[in-house]
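Order of writing sets the chain letters: A, B and C. Residues in each chain are counted from 1.
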């Protein structure tokens, strides 16, 4: 799409030479032909180093746009980006290429395998499973009935996905108009699930906006868990039932999240940290410690605090 | 069904003229030919104005039944109503009428579209989707794989429903016998989803007992959310993952419910109210304010209270 | 499998006569030909009375193994047991025997009924339902679309299972290696659902390791609930949406679990106990009382404590 057309869609002022925009991307990974956006001074450092061909910026940031990068001034760059994302969204149904299913895989009745998808040796796809387009599933996996795997998901070997789990659904991301409407940010990223991961029934893992939501090898996820867009779970994590990991949060290796725990977005939880059942994680956490409560504190503090509260108010 | 038969089913005393009862309904909306019930003095105001043809009431309320409305005395009217609801339940599988699917809609392999249902222009129904009887789906919707839409659901235009979501399942409503059994209240209402709504993967929205559970236009619901029977969500609400809205609760417009938050039933949350992640809403809330905690308080109070508690017990 | 082979798999020392091991089981129910394990002195009482033919024990417990039971010394018996469980796991796809479907049952298009499974009179199996091998479903049940019922599940009469519920998925059980990997414990048990149970949409009930996860008659479970492996729910319980019951917890009869409540594992909750919404149950509870909060206390204490906290810190 020409940048002049983009300006027309947004109602932004176009000036200078026209150019082709082939995709949208974040400031840090955008490359030649791509449009990015910057809506906050705190991201100015990314803006100064971006390799994008063009950026949406509000007027306060125009001077931070590097030479050779076309600046498109727009009052609310995040909203502009959301509006444009629809035009650059990948098709839900791609061209009709054959799937590549190993002769040593078994795809049962009523399962659907989309265009250009691959299923490896020894993998079992049970009835009612949906596998979208351009999906790769490795060897010796079991995909239980009615699980749904959206387009572009990559799955390693010996992965087990239980019934009615959903992998690669759209992340929950919107920009907001002045009159309170929510404009969907189309998610062109995907989900990567490494070897030896197990995913519980009715668990949902959202695709990323750009790159990938990643579940690293050996991690085990229970039933009814939510993993938000752009999350990264390290190797050998344990995520117990009904936990929710909000978008862009990173878990180190061997992190344990107890049942019904949850995290805010954009946090980092260190290697071998353990969060008790119902822990509400609202800040990043050092590794190798046990935590509990909401607000989150170290487990031993939480136990001590609750004991103190009970003792104090017994007599008061 | 004759009211004499109804009395026989319940073991209630029948007297006076017999009459036909064609359906059950709540006191405020019941009309000619319908039976309602009243089991509490606090609903006597509805009883006094009801247009129902007959009502189940316990003996204390008989005198509040208006002239011309037949009173059936029954010790536990709510239980009586539940027992009868089975006899007036709509059939799960209706008569076999053809579905009306637009030539410009696409229904993929393995999807099921029930009797008398309509699918509009530009709508995509993906594999494994179940659409019950008498459902209406507007234009340019996407229903992702294995989503289930129960009978009588009405869906507007540009609605996106993600994989394995369930719309219109029975509400969780029972009356209780003296010996502790739970008698199902059959739900004859439906779910209405207005234009531009998005519903996440594995989210469940229950049908109402009578009228409709309503999700108003522009509202966005994340994954693994529960919306109870008879709820109404206003325009442009944001409901983050793993939130639960209990039955008959009403959200105003542009209400934000943070992740893993929840509400009790029969509450009203005002326009533009924001409930933080994990908020436990046990009372109705004014609009235009931010809330947190359980018990729920204003967000700033919750922050202050937690800071005070920590400071105080550090030294005590 | 010969016990000499088992020792070889584990790298354990084999001595004495060889013998056939036909299955794995827990100490208390293992019988002739079965191998069990004991990894903790607190289970020594079960070890002393076991009828197993052989046991994995660490060296500290060897002397507690009864005469006539073969002791296999292994540093981490729980891990050894997990490693072996794979070899004794039941096949996911069994021999291809016909299903026994009553002439008075209805199995709709796109439903799958596995080998040797039985469906009783008057039962309706809706589109997209998956019923595994060796499943039994009684009379007058309704299994809503896309529900998934794993192998070996037993379901009584008049049971209603809502859309996208999953019954009998693998429990979330692993043993851990020294280098932090999680070794799956294959679950050979099943789920038993008694008469008149209703199970909500997207609810998940895991199978047990050995015996059965049991939902007793008349119990009603709402949407998005998690029931862990080996749980037992008594008659006429009410489990409201988004509740999680951790593994091996036992609920008495007529227990009420409010919305978004949860329990730790291996607890006992007494008959007629009621846990408020969001209650976090971390210890066993007496029956006939109301509870709330996390840490859990009696409801009246929780209300009192919160009132006291608010009053105190208003002035401090």
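Assume a contact is a pair of C-beta atoms (placed from the backbone, for glycine too) under 8 Å apart; a residue touches a chain by one contact, two chains touch by 3 or more.
Chain-to-protein mapping (UniProt): A, B, C = UDP-3-O-acylglucosamine N-acyltransferase.
This structure is a prediction, so every number in the text was calculated from the model and none was measured.
A.B. asks: Just say which it is for the chain contacts: an open line, a closed ring, a star, complete, or other.
C.D. replies: complete
A.B. asks: Copies subunit A and subunit B touch; is their interface built from the same residue numbers (over half shared) or different ones?
C.D. replies: Here the answer is different, because the shared fraction of interface numbers falls below one half.
A.B. asks: How many degrees of rotation bring the Cα atoms of subunit A onto the matching Cα atoms of subunit C, given to the nearest 5?
C.D. replies: 120
A.B. asks: Centre to centre, by mean C-alpha position, how many angstrom separate subunit A and subunit B?
C.D. replies: 31
A.B. asks: Got the subunit C residues that touch at least 2 other chains?
C.D. replies: 110, 128, 146, 164, 202, 224, 242, 260, 309
A.B. asks: Which residues, counting only subunit C, touch subunit A once they are in their complex?
C.D. replies: 92-93, 110, 112, 128, 130, 146, 148, 150, 164, 166, 169-170, 172, 174, 180-182, 184, 202, 204, 206, 224, 226, 228, 242, 244, 246, 260, 262, 264, 280, 282, 294-295, 305, 308-309, 312
A.B. asks: Please give the residue numbers of subunit A that touch subunit C in the complex, ascending.
C.D. replies: Residues in contact with subunit C: 108-110, 124, 126-128, 142, 144-146, 160, 162-164, 196, 198, 200-202, 218, 220, 222-224, 235-236, 238, 240-242, 253-254, 259-260, 277-278, 306, 309-310, 313, 316.
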